[in-house]
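The chains carry the letters A, B, C, D, E and F, assigned in the order they are written, with residues numbered from 1 in each.
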Amino acid sequence: MLQFEAKPERPDPVYAHKLQELIGGAYGEMTVTMQYLFQGWNCRIEGKYKDLIMDTATEEIGHVEMLATMVARLLEGAPATATAEAVKDPVMAAVIGGMDPQQAIVAGGGALPADSNGYPWNGKFIVASGNLLADFRANAAAEAQGRLQTARLYNMTDDPGVKEMLKFNLARDTVHQKQWLRAIEELEADGLETDVAPSALFDEENQEHNHTIWHLSDGPDGNKGGWSTGEDRLDYLMDPKPLGGPGTAPKPDPALYGTYSATQDTVGVVKGKAQEVKNKLS
Amino acid sequence: MLQFEAKPERPDPVYAHKLQELIGGAYGEMTVTMQYLFQGWNCRIEGKYKDLIMDTATEEIGHVEMLATMVARLLEGAPATATAEAVKDPVMAAVIGGMDPQQAIVAGGGALPADSNGYPWNGKFIVASGNLLADFRANAAAEAQGRLQTARLYNMTDDPGVKEMLKFNLARDTVHQKQWLRAIEELEADGLETDVAPSALFDEENQEHNHTIWHLSDGPDGNKGGWSTGEDRLDYLMDPKPLGGPGTAPKPDPALYGTYSATQDTVGVVKGKAQEVKNKLS
Amino acid sequence: MLQFEAKPERPDPVYAHKLQELIGGAYGEMTVTMQYLFQGWNCRIEGKYKDLIMDTATEEIGHVEMLATMVARLLEGAPATATAEAVKDPVMAAVIGGMDPQQAIVAGGGALPADSNGYPWNGKFIVASGNLLADFRANAAAEAQGRLQTARLYNMTDDPGVKEMLKFNLARDTVHQKQWLRAIEELEADGLETDVAPSALFDEENQEHNHTIWHLSDGPDGNKGGWSTGEDRLDYLMDPKPLGGPGTAPKPDPALYGTYSATQDTVGVVKGKAQEVKNKLS
Amino acid sequence: MLQFEAKPERPDPVYAHKLQELIGGAYGEMTVTMQYLFQGWNCRIEGKYKDLIMDTATEEIGHVEMLATMVARLLEGAPATATAEAVKDPVMAAVIGGMDPQQAIVAGGGALPADSNGYPWNGKFIVASGNLLADFRANAAAEAQGRLQTARLYNMTDDPGVKEMLKFNLARDTVHQKQWLRAIEELEADGLETDVAPSALFDEENQEHNHTIWHLSDGPDGNKGGWSTGEDRLDYLMDPKPLGGPGTAPKPDPALYGTYSATQDTVGVVKGKAQEVKNKLS
Amino acid sequence: MLQFEAKPERPDPVYAHKLQELIGGAYGEMTVTMQYLFQGWNCRIEGKYKDLIMDTATEEIGHVEMLATMVARLLEGAPATATAEAVKDPVMAAVIGGMDPQQAIVAGGGALPADSNGYPWNGKFIVASGNLLADFRANAAAEAQGRLQTARLYNMTDDPGVKEMLKFNLARDTVHQKQWLRAIEELEADGLETDVAPSALFDEENQEHNHTIWHLSDGPDGNKGGWSTGEDRLDYLMDPKPLGGPGTAPKPDPALYGTYSATQDTVGVVKGKAQEVKNKLS
Amino acid sequence: MLQFEAKPERPDPVYAHKLQELIGGAYGEMTVTMQYLFQGWNCRIEGKYKDLIMDTATEEIGHVEMLATMVARLLEGAPATATAEAVKDPVMAAVIGGMDPQQAIVAGGGALPADSNGYPWNGKFIVASGNLLADFRANAAAEAQGRLQTARLYNMTDDPGVKEMLKFNLARDTVHQKQWLRAIEELEADGLETDVAPSALFDEENQEHNHTIWHLSDGPDGNKGGWSTGEDRLDYLMDPKPLGGPGTAPKPDPALYGTYSATQDTVGVVKGKAQEVKNKLS
């Protein structure tokens, strides 16, 4: 049984094409499904966080199913096999021009694990780092992009059945955004994380450069925001200078044939003890 | 001139391999560079937000340069051309086993636009939606993963020169996390966005399902978190039921050769006006 | 000379777009060409099998050529350079909407090594494992998807020249399916393989779980098929229980910053001798 | 709860690297999970076939979980943060050389949705065509490659805990191979499909070329196999000739700047009615 | 400020789709930007060459910006949210059919880091080998394809604003082609490289086969060109014979389950000292 | 029969890993094979050019075969199935660390259609534009990178059998570089192309900006090269100014939810007739 009904009032193959974005796009339902599954399996702390992750993961599989079903139904009776003759009808022509050819040729009138440009979903779309603060931020971001894309697609149809399903999806994206934002607060309340991820190496990091924004573009207003005018503000360096020297690459290994002039002064960076290691290595 | 110095004390080709993650990985410096550039170009509101984005974009190009320079220097004198004979020395053998073959064969002892497993950076790693709330969330998430990976790499070296540079990188990732979080507050303060992205369609979305978490895994503790116990809590549905019917795919178009039994009852979903459209289309 | 004629009666740029699936799609002719070449080169047994593989590989190169030629001819006179003005003609508009922009911009009116959504052919589309049973199964499967897609495309044109070529392609896909299925029988007849790949480790594998199907979905009819009712049937476990314990991930390495509570009981899985190894490693 | 136990006796980070193949490789568990899910959702015939597909899909999710858990446990105490100093110990050095850097840097000691070379799982690894014969062939092929790779990995460890789990996986791959092969027989018994996919267009396809194998390589033994000597044999054309003319590409559109000589005879293929269409288009 | 103005006279969403090729295509502006940046960072010789590379790299970032701006402006007022009803207008229908769905759904009416088929830009599009001759050749080739694609796109619009910008782009591509060709001459004049890359191993390479072209296709005219008739000509071997023996793969490792017959003669290639190594390894 | 012998004196699995770059890397033999095949099929001018392309294409297939054979032989007896115990031997450990896991697990001791980091060959590695000048430039560039990588690999082995084969490959890469450079001269001699691709639109392109190099980096020496000091020199603009206005993105479509302030002045670029079109579209 579907989590929510997925019945279009009528077929719309062009819209079926666009809906692929919510299935296999970078912020589609396959992404949140797999992101939450891998985060749950990689979670190092048993209990409420892991269970929340796995609850949501399970729901997202159901969303892929709803969308795949919707796509198949939107494609019912699609002019998959229309020939050049059919194109002479303008409406038909428009429909054919806007269809995803692979939904017919590859999937036989069904959904693909791909986005609205036919690019396949891939594992780089997700993250599961083991650090819950970093990952819940990614989750809140993913649900935001997901709701944004759903909202845009909501405005691209006037089919009541499709809109009904998308209203459900919008609602779920609202809840999930809130849930991850609150889970971030909970991590802090539990003393597990702070407001910067990871909650470590604050003393080791460069203390001079962890509170300044560098003005590097030609835009004059970066320092007008609350981030640099409010309380506990970040300083805006209006005329920052490079702190390092030239980014000179070292003399190349002759056996690698980098273009190099023998008369050029060597600009190697290694010295002392490093030279010993180099000698050993070369 | 480099934004900050990038001088290792000695070569370390295995570490040069790992550093690729910070250059061309999903959350490496190429990602934040390109993400901020496209967000800036796609920004629909002139002034402080766009300028902050472009300031940061420009800085990130400098980070790619620092890392590329560091990689070239860590590879100086690397046993790029060692033959099988060399492998008999255990240390050398270990070094060779841990090197990235393409840093030698393809880049001649330099950095690659790829991650630590040799997978090339690609445009799907970034997002620039035009909605600043959704995008600043993605930015804060990217900087969190970036600082996390930098912190892990910080613990994988004891070269003072490398650590010095990474301390700078950690500091910048701290600032950038804070900056995007405050910019999110600023969006709300300016009345441009709320806490859910996009700030629209709240009345249209399904009101019954925009405040409930569904208990769908076998973990019992999802409802123990502040998200479902605190004030303004999200409800936890402990025994949710599917709201939709079966996800039956429609009868296939014969010309697409989906396996189908002629004696099977038709399970089409279209009816009424939809049928008309279908008739026209088929 | 082409293996078979590839002359369309008239140009049809929209169809040229769709034909890309048979060139560079996951089951297109580039796939079978490269799959058979790598299988031939990786074949560990000289003679009839290897020669059959190489005969077929050679033919498939010719199929890519036929399709590439057909695409170039279907694109002759295509409105590649039509401007916005031209779109006002509905038929022209439809044609433009359905064209592959890269066939004009990148290939100058020719074929691309990509599928019908512009996704490039890649090496992951093929397999050449060295085990002929496993690989011939993959070959029979590839030819089945290939013939299926060709059949769908056959129904999408009424150009006699195109249909003539596709009739040839359909015929070749029929032969190749039969050939690989018979070669599988031959492997068994020759005593080289059995009906399960690889033909080994049958005694070592778990004897309790190598003949049962687990009923895990909410569909009630999985056990109605011949596979669980016929002779030598596979048992259907109607109410299977998990055999393992919880999938708890171990305590994280502090230097990797996984979120973890110090007060949490350690849920490590290593013990005894493993602890020694761990001590050495950490 | 895991479907089967996943407890290694001791950590082995190099093996954790290799196991990635079974998670995110082209024939890993993510592939069969997603392939069966999309086939189920795309199934056009309710009942035993769809239920069998969904039963198996559900099981495969559990296999990904088992493997992800195993990887996290094999990585416990892995020298993720070992510095150059550590490399001086040969065993440690070997371990570091053979590790997947992203399991530490990106996943914090967990599994990745990628293969053993760090290439991410993607949607092109699966097929769900709506034609059950074509798809069940692909399933039997996938399970064959899966069992083959599992068998190879079985020989690469002597950890009793790992071997115990792999024995279970081998057994499941045996069942699943048998199950899909029998489901193929069932399709034929039910009169839904024949032995060639799709079961159509046999009369339309080229009758002269649907029963011949072309001898095109320099291997002399292709015609020695049962496929061309047995009953109902396929004919071996020992000296086949091309049936088509030259694969000449047509005269290029001047606006696309294909290199072309004005003095060259036009080698266009269009004529008659086609010319009219061309005139309209250009 | 933009390097050059990017103001279309009117929106044209179909053309915005095509322009993506110049942004994120294999030979688009992202490619030359990143190619030149990595070449500059990887340059092993300070001074004029490196500075020329970095000058050009910086300019190319500006080209991406111009194109991204142009795309956003071409999309202004695009029927991103048109519903099925709108498709009944033929012109509108054509426009919708030819749009890039992701420019609306993902980028909110802006440019994507992808090509005109929605395939994302990736790091494999560039090369930075450290050898300037090899890389300047790649640069001249990239600028040639870039100008070619720009010229094709120039013929696909009649918007004066777009044409004005493309005239600038054409001019820059002309300069850049000339510049890299002259830089190649300069490398030779400076005695750094010769006419074959790399300028080494000429004495070691096979002297018999470094000046012959093998006639291997069925085309009869390969030897009619100046390359084999002019002064200092390359010899055309009209009837070349294979120089090697059969490409027999060795006997497989039994633990890898390659199909193999025990009765088959072993066709191993190892012998003598190699056998010792093999013994040690196996 | 192989084009040239491919017999290593002894197995070397680490080197087999590296050799993958020459098979499936961006500039490996699969690239030149496919690039030349598609260029030949896309060639619009019959005769010497097309025949030269096809002659070379055919040879390159043979190079893939040679390399695939070499890889299989280098892997003979490789410790594919060595367990953790084996790693205690330092040499063995190093070997295992440096192997490609997929050559064993996926290919059973054979070659993969992938590069030395396991990234699969893909169709974006090639170009076949129909313009011979642009494509021959790409060919000369590909052969240059190919010879460079071969030369680097030549220095990474001391196996006489491997070196013998690579000497042949080096020689062929020398010939092919020369051949494409001369074919470029021939195109000019035949009056088919000039020195800039494509040989068109020179009068239309911006005449003010087609002979200047812009000084945009902080490097001071770009104008010291022959390109800006020699005869027929390109001018170096030492202090160039942007020619365009701000790259302001237009006011967003409200239905796409780009962040926008209602009080902000509209910065639209459309006007006059364009507004009419916009009205129609929106």
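Following the convention adopted for this analysis, contacts are C-beta pairs under 8 Å (C-beta built on N, C-alpha and C of every residue); 3 or more make two chains touch, one makes a residue touch a chain.
Just so we're on the same page, UniProt names per chain: A, B, C, D, E, F = Mn-containing catalase.
This is a predicted model, so every value here is computed, not measured.
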Next item on the list: Work out which chains are contact partners of both subunit B and subunit F.
Entry: A, C, D, E
Margin query: Can you work out the rotation angle that lays subunit A over subunit D using Cα coordinates, in steps of 5 degrees?
Written below: 180
Next item on the list: Consider the two chain pairs B-E and A-F; indicate the one with the greater count of contacting C-beta pairs.
Entry: B-E
Notebook entry, point to check: At the subunit A/subunit E interface, shared numbers over all numbers used: above half (same) or below half (different)?
Noted result: different
Check: Counting in whole Å, what is the centre-to-centre distance of subunit C and subunit D, each centre being its mean C-alpha position?
Finding: 5
Note to self: Averaging over Cα atoms per chain, report the distance between subunit D and subunit F in Å.
What the structure shows: 27
Notebook entry, point to check: Which residue numbers or ranges of subunit C touch two or more of the other chains?
Noted result: 1, 26, 41-42, 49, 65, 68-69, 72, 80-81, 90, 92-98, 104, 106, 108-110, 114, 117-120, 122, 124, 127, 129-131, 133, 148, 151-152, 155, 198, 200, 218, 247-252, 255-258
Note to self: How are the chains arranged in terms of who touches whom: line, ring, star, complete or other?
What the structure shows: complete
Item checked: subunit E-touching residues of subunit A, taken from the complex the two chains share -> 12, 14-15, 17-18, 21, 25-26, 90-91, 93-98, 115-119, 148-149, 152-153, 155-159, 218, 246-252, 256-261, 264, 267
Checklist line | Complex contacts: residues of subunit A adjacent to subunit C | finding: 1, 41-46, 49, 80-85, 87-88, 90, 92-94, 96-98, 100-102, 104-106, 108, 114, 117-120, 129-133, 187, 190, 192-193, 198-200
Notebook entry, point to check: subunit D touches which residues of subunit A in the complex?
Noted result: 24, 30, 34, 37-38, 41-42, 61, 64-65, 68-69, 72, 106-114, 120-124, 126-131
Notebook entry, point to check: subunit F touches which residues of subunit A in the complex?
Noted result: 148, 151-152, 155, 255-257
